[in-house]
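One chain, chain A, links the two complexes that follow: it is found with chain B in the first and with chain C in the second.
And now, the complex of A and B:
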């Protein structure tokens, strides 16, 4: 270990952490508005990676330009999933049932992808994924920086929607108290549909960035969803700002442990830190444990 | 009341007879091998349901105990120099006990959290154990372990494993039945329905939950051991498999969460179907689509599972047959269970 590899780990961690923050924000938004844990988020990210793959390899569309197609498509997919599956769950034990329903959606996505693409690993390629630049004594592919910037831009857009628009006020109202929001005239069904749409739409971007920085196959979603769930649970379910902090913290921690100790045990530290934090704060770091208690 | 009991006794007798006679009637090794895997999952789903179905805490990390049982059996058989054969089956209860012991600390940590956080912690445990098994020296890393393989003929091999697993199944279902009938089982149901109120009424919530959790881990560890011995090898990704967690939950849900027969029916249908698909169409992933679609259909259309829905249907039919528009005179115990399920 030396200073340069440690610096690389920290920079890597922060840049990748930004992308995880984006994906986790979608997950926690869906939970906050609907009390639904969307296990399919991981599979949707993988689906996003495959969509970008198809667009770039078969149609020759640039990865970033392709997002103008995939993000709206995923928004529509999210609205459909909300309408078809989530809305039908009963208020009571909705969280538990949602885990099962969205897990089923994840399996179906995995099955469809395996049938179409097979189980071999793929990776997205473009000029900026293969060329690197020199910084702090190590080489970094451009995609990490571009991906981080895209994640920041999308998170900024999410922030703007949530805090600067009328619709966002409705979402935040529904996050705080669903019944009260309904009483003062928020169209909760529309808020839910659009929130899930947004939560799923960010996975299109997340999937492209994941696919450009990692090799993926149809079952990569399991690893992703367990990481994302760890992040949002550590942050406290429903806390979007917390998810950003937790994502940066966890991913950087993992990367640093990989350098300082061993890459093999880095994942262990990742999950162990979740268990340690939850042992002391069962509601997560920024969670409203008492409010959401069942 | 007594009529219902005799119907149940008859069903149990038929079930045990089918269980006992199956390998005699269907002696094809492919079929008995499918049956063996099905039995393993019937035990696991039944045990999982004993905790998750009764308490309402959905655990998605029981693969931890399956894997620990598998590794415990393989390690003990290899290091204690067990000759391949019937002797190794003596280690099956030991595998269950090891799994139970591991369930104590993991359960203590996971059960501190509320329901949806609990789910995620159990998933995290699953990945931690999978990672540990892939990287520790004594578990053989990613190449796994090979317990001794008995030199039986194919037919004897499958039959012996089948009957051992059948015994474990009968023990597990009996245990689940005893739990359901006991005061302990009622306390679990109270926790499922309203944990705060149960606590207020004097139920020792933490202790009850942990006991049920450990109890449900033991049979899963036992079939984990059988699984390792049956396959003759065990790898981290098969021992600690996220799909295993999902499968047993799905089986219990399809059959009817919290019922005795539900997980058995669910495992019987799903595992047999999946094994059949694998045998018929090779290692194709297409079954995932069917699996997921079936799951969705059941959760959305029969949210309480097949058995409770069927029970309700029979109940309604019976009421209509006896006296139109009147309630059943004495709902009895089974009726109570149906009603509780209906409120959920």
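And now, the complex of A and C:
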């Protein structure tokens, strides 16, 4: 191992971390707004990958241009999921019951995808998925660089919506006190539906990037969910910016350990770091209370 | 409260139904398809497929054969291919008269690729579903726990995808693997590399393997042979089975600039991730072999980006669609007729599953019994059985001592047998590996 390998691991970790942040953003947003742990996030990512596959292979639409179709479609799907599955959960046991309900949603998505596409692995391909450019002695894949930039842009947009718009104030107001928000005229059901819609819409982009960097089949979402949950827990459930910081930190740490020490220890160190951080900051790096007060 | 409960039940019910639909892409029951014996059935096939003294359709009460397969989860692609193999065999055996005149009815339940669920499934199959015989699941990971519970009931456990040493180290007398023992998988490759003229032989090699009972035993043997031939090891790491990002590992292999890469992989995504990382790092080893993944036919090509990226990649196996065996060709044709696609899309899982049925059928025919104790004794008798993968003879551990190790290579979109050199069906190895995308 030399300095060059270490630097490459850091660069890879940062670029890959951006992709993971994008995949985790919807998860943390939905929890932040509704106290719902969306176990279906992994399945939604895979669904996003399949939608991009259909647009790319069958309609010849570029992967990134296809997002102009998949993101609105996923927004509508998110609104439907909120209406059909999440709105009916009781306030008092919402978080616990949401795990069961969204797991059922994940199974439904996996089942439908299996029936339509079968279980063979697929991967998204475009001219830039294997292409690289050379800088400072490294070959940087365009797909990861584009993905990182897309992640920063979309997470920035999410942050702006939540903290710089009238709608965002409504979201945060309904989080702090639902009854008070309703009394001053906030339509809480609408705010929640739109918030889940946005969370799922962002996942469409995460799904495209996942499919362009990994082979996937309808079951691939289950491998992702533990990783994504660990990122949003480290970030502080509900924190958009925290998700980016946590994803960059954890994936970079894992990549560096894999190169410097051993891939076997990378996963262990990854989760050990989560335990250490939570020991000192039980609410994560950017806890929910702080997020809602911003 | 009542409405909420009703809604919750509805959600769970829909999920359960969807999961069932997804897992049942093919019929798991073959008893209804019994018809007259196929006139195309060859003499060899009749001896290995049918266990009936009559050649007409099976007419007795059905014999339930149970199996737990990974119809969802990490091994879903392999599990569903196994289901197709078992189903094809069941159809053929029923057309040929069934087992001792009884039609075969498969009872396949999904374990979702879970070592815990597979144990529960075999308990259910034997104690609740009254399966007379059981067939094995997919992978050594699931075969090991399953074999222990099946042994408790005294059932024969014939399987096609649990060939790692871990499956045979538990002192069980009931386990039989019809496929090649995986510990020998890479030996023909390593010996071939070692036999190359010094000027052509790779000078360095990288070894990366998943922490899995299937891959783990294969790599050290290959490394030992190659090191003895003077090939220096420049990278040798194990990575966890549940890796979600292979980039740092693949990049480290690329950085080592090894001239040969030996990858211990269990699935398509692992190999695909390494291929894409190698392309991105402008790294093309002279030789690249992966223990599993490239054997998945069209699914592998779709993942790596087409035949031009697969060209030159090698993999070990005991069977391929072009295998020169009449029964194998018949099975491939039946597969294409039933499931569509072409011969190259038939992966080895189908043949492994089909072979399980053939071995059991021959044991039932020879013992004239569905008694598991008699079947176990027969399979341990040293008899040679005929399967679509070739001859099967079980040693004292239950490994197939008659299996031949082959190595295949992707050449211009086709899977070609290349090793052992000199074997009748072996074609020349493409070496060094062509550039990516060429």
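Following the convention adopted for this analysis, the second predicted complex is superposed on the first by the 279 of 294 C-alpha atoms of A that agree within 3 Å, B and C clash if a C-alpha of one lies under 4 Å from a C-alpha of the other, contacts with A are read in each partner's own complex, and residues count from 1 in each chain.
The rule is simple: a contact is a pair of C-beta atoms (placed from the backbone, for glycine too) under 8 Å apart; a residue touches a chain by one contact, two chains touch by 3 or more.
These numbers come from a predicted model, not from an experiment.
Student: Based on the shared chain A superposition, would you classify chain B and chain C as clashing or fitting together?
Tutor: clash
Student: For A:37, using the defined touch cut-off, is the partner it touches chain B, chain C, both, or neither? Pick first, second, both or neither.
Tutor: Touch status of A:37: first partner only.
Student: Kindly classify A:80 by the partners it touches after superposition: chain B alone (first), chain C alone (second), both, or neither?
Tutor: In the superposed model, A:80 contacts neither chain B nor chain C.
Student: Please work out whether A:230 is in contact with chain B alone, chain C alone, both, or neither, and reply first, second, both or neither.
Tutor: After superposition on chain A, A:230 lies in contact with chain B alone.
Student: Could you say whether A:258 touches chain B, chain C, both of them, or neither, answering first, second, both or neither?
Tutor: After superposition on chain A, A:258 lies in contact with chain C alone.
Student: Looking at A:122, would you say it contacts chain B, chain C, both, or neither? Reply first, second, both or neither.
Tutor: Second partner only, chain C.
Student: Of chain B and chain C, which one touches more residues of chain A?
Tutor: Higher number of touched chain A residues: C.
Student: Is A:215 in contact with chain B, with chain C, with both, or with neither (first, second, both, neither)?
Tutor: second
Student: Would you sort A:108 into first (chain B), second (chain C), both or neither based on which partner it touches?
Tutor: both
Student: Determine, under the contact definition given at the top, whether A:141 touches first (chain B), second (chain C), both, or neither.
Tutor: In the superposition, A:141 touches chain C alone.
Student: With both complexes overlaid on chain A, does A:93 touch chain B (first), chain C (second), both or neither?
Tutor: first
Student: Between 6-14, 186-194 or 276-284, work out which stretch of chain C sticks into chain B after superposition.
Tutor: 6-14
Student: Shared contact residues on chain A, chain B side and chain C side combined as an intersection?
Tutor: 85, 88-90, 97, 100-101, 103-105, 107-108, 110-112, 114-115, 119, 218, 222, 264, 267
Student: Which of the residues in chain A come into contact with chain B in the complex?
Tutor: Residue positions touching the partner: 37, 85, 88-90, 92-93, 95-97, 99-101, 103-108, 110-112, 114-115, 119, 218, 222, 226, 229-230, 233, 237, 264-265, 267-268, 271-272, 274-275, 278-279, 282-284, 289, 293-294.
Student: Hey, which residues of chain B end up touching chain A in the complex?
Tutor: My answer: residues 56, 58, 60, 109, 112-117, 119-121, 123-125, 127-128, 131-132, 135, 195, 242, 246, 249-250, 253, 284-293, 295-296, 299-300, 303, 344.
Student: Which residues of chain A touch chain C in the complex?
Tutor: 4-5, 8-9, 12-13, 16, 85, 88-90, 97, 100-101, 103-105, 107-108, 110-115, 118-123, 125, 129-132, 139, 141, 213-220, 222-224, 227, 251, 254-256, 258-259, 262-264, 266-267
Student: Can you tell me which positions in chain C touch chain A when the two form their complex?
Tutor: Checking each residue of chain C against chain A gives 4, 7-8, 11-12, 14-16, 18-23, 25, 72-74, 76-77, 80, 113, 211, 237-240, 242-245, 247-249, 251-252, 255, 267-269, 272-273, 276, 279-282, 296, 298-300, 302-306, 436.
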